[in-house]
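For reference, the structures are reproduced in the following blocks.
Two complexes come next, and they have one chain in common, chain A, joined by chain B in the first and chain C in the second.
After this line comes the complex of A and B, so read on.
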């Protein structure tokens, strides 16, 4: 192999490979994101009637028979494309638009997991819902760079007494 | 308050800009800013260099050589002889602020360049085509003319910024930064600057030989087309076209009354 061929190969490895990686990350990342959003919408439809509210008080006519803390958390990683574009955006500032769907997915997924957990345990509603987020991990050894985001949804799941149960013990 | 169940509304927290549009805008915008920055930098460097006095410039570039210069063996006799011709030309300048150095670049393309600090580079391709000392003397005198008018600093910033940009893009470390012959060969001077350099060069030739015979015979031959275009394309891309040039040189010699006949000195190679 002559030196020209080696040169061409090295140029391709140096510049072509990262570009290829970005494109690959974009296509795969887009597919995963679309599938996730479809899945979120379907599950939100199922849980549509289930009350998940941020109020910290119950309606007055409710009589809680049981309550517990329910949580739902999710960790989602950035894809390489989003990270590169966010890096470019960081130079000039402004809305990091590629991160917005990521956080949206995380918020809705966390709330869904919390909701599903409460339903499985037989609770009737979740009050005082709060969202917390944190940067979970560093993608680089020097402590910079974000590997992913964690979203935690938590609230108080409440079981109310049945309207059809005997009211004898209720004074 | 009645609880009304609703699905979360879409499109509140997520921008509807397509990610590829976002990527394209950012890449194009940043590239434009980067280029603008480079152009301003080139302009500023050029401007600054014009205010560097020649003696400061000579001190700054005393031992400097372009990074991509492929020099011939120091024992090459052409080196000594060309340097000797150059020294004689420079002697007639009188108060030249530079100690002129000469290097031969091992390149097939005929060209001659005036580089910062009094470094003149001629290519092997040019030396192969000059047939007498008088022809060589005029080429060197022309380059000395660029020094006198300080044309050689023009577009130097372009070379520096090209190197910086190239290093930034390829990720080379900063120690590789420098001015390359390849970049400098790209610059060309205005017609006015070239004519002024020609005038000065021809005056030096006349002062040295007492006549201007054969001074521009090299360009005459090029004009007659006895050389393949490729051999001279490098020189003519940075210098005036041979035909026009010969005309104005003849005109100049007539105006100044410089004799166009006289003994021609042969070259040893």
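After this line comes the complex of A and C, so read on.
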């Protein structure tokens, strides 16, 4: 092997591979994100009528018969391409647009999981919904390392006795 | 045992307070899961292994909190809060706390 071939191979390993990885991450990452948003929208449509509120008190005429704590969580990570872009963005400052959809979809997913868990258990509504974000794994500035974000949604699921106030109250 | 993150148990009345109860657990991530997560990390998306791990840990912390409340003679925990902190590389603490009460 002459030195030219070696040169080409080393250039390819040094620059070609990361660029390929970035392109791969960009395409697959975009597909995954789009698919996830589609899935979220479809499930949100199903759960549109279900009351999920951040109020901590129930309406007066609700007679709660059972209640429990429900949670929903998701750990989500950004693709390599977006992490690199965010790393570059951090030099000049300003809004990092690539991170916003990530946090949005994680949050919506967590709320959906909480809602679905309450529905499965036969509860009628969720009160006092709280959302929490925590950065789990460490992510380094160069775009390597895991950049997982955990979203947690929790609230109090309540079951009511009937849709209407008791007969005695209405007379 | 009733548990809620509101200030009372819906439809019930608090008759006695026992004070703050808490439960925690510290978990490290599994190497196999970490390799999978590392691969998933390139293309992005949900790290299902981590989600499951944290959910299990949080359930355990909640269980410990409720055991403590039970040992005090309480029958409910109200105003439950969760906290997560990354204490060392690859390890996280899941913490649950609330107020132990007796309800009727």
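Before moving on, here are some points about what is shown:
Methods note: the second predicted complex is superposed on the first by the 154 of 171 C-alpha atoms of A that agree within 3 Å, B and C clash if a C-alpha of one lies under 4 Å from a C-alpha of the other, contacts with A are read in each partner's own complex, and residues count from 1 in each chain.
FYI, contacts are C-beta pairs under 8 Å (C-beta built on N, C-alpha and C of every residue); 3 or more make two chains touch, one makes a residue touch a chain.
Here the structure is a predicted model, which is why all the values come from computation and not from measurement.
After superposition onto chain A, partners chain B and chain C are found to sit side by side with no clash.
Using C-alpha centres, the superposed arrangement gives chain A a vertex angle toward chain B and chain C of 120 degrees, stated as a multiple of 10.
More chain A residues lie in contact with C than with the other chain of the pair chain B and chain C.
When the shared chain is aligned, chain C comes close enough to touch A:71, but chain B does not. By the touch criterion defined above, A:131 reaches neither chain B nor chain C. Using the contact criterion defined above for the overlaid structures, shared-chain residue A:49 touches chain B, although it does not reach chain C. For the pair chain B and chain C, the minimum alpha-carbon spacing after aligning on chain A is 14 Å.
Once both structures are placed on chain A, chain A residues 82 are touched by chain B and, in the other complex, by chain C. Of all residues in chain B, only 1, 3, 5-8, 13-15, 17, 19-20, 22-23, 26-27, 29-30, 170-171 touch chain A in the complex they form.
Only residues 14, 26, 30, 41, 44-45, 48-51, 53, 59, 81-82, 85, 88-89, 91-92, 95, 97-98, 100-101, 103-104, 107-108 of chain A touch chain B when the two sit together in their complex. For chain A in complex with chain C, the touching residues are 21, 24-25, 28-29, 32-33, 36, 56-58, 62-69, 71, 73-80, 82, 102, 109, 127-128, 130, 132, 134-138, 146-148, 150, 152, 154-156, 158. Interface residues of chain C facing chain A in the complex, by the touch rule stated above, are 2-7, 9-12, 29, 34, 37-38, 40-48, 50-51, 54-55, 58, 62, 80, 82, 84-86, 89-90, 92.
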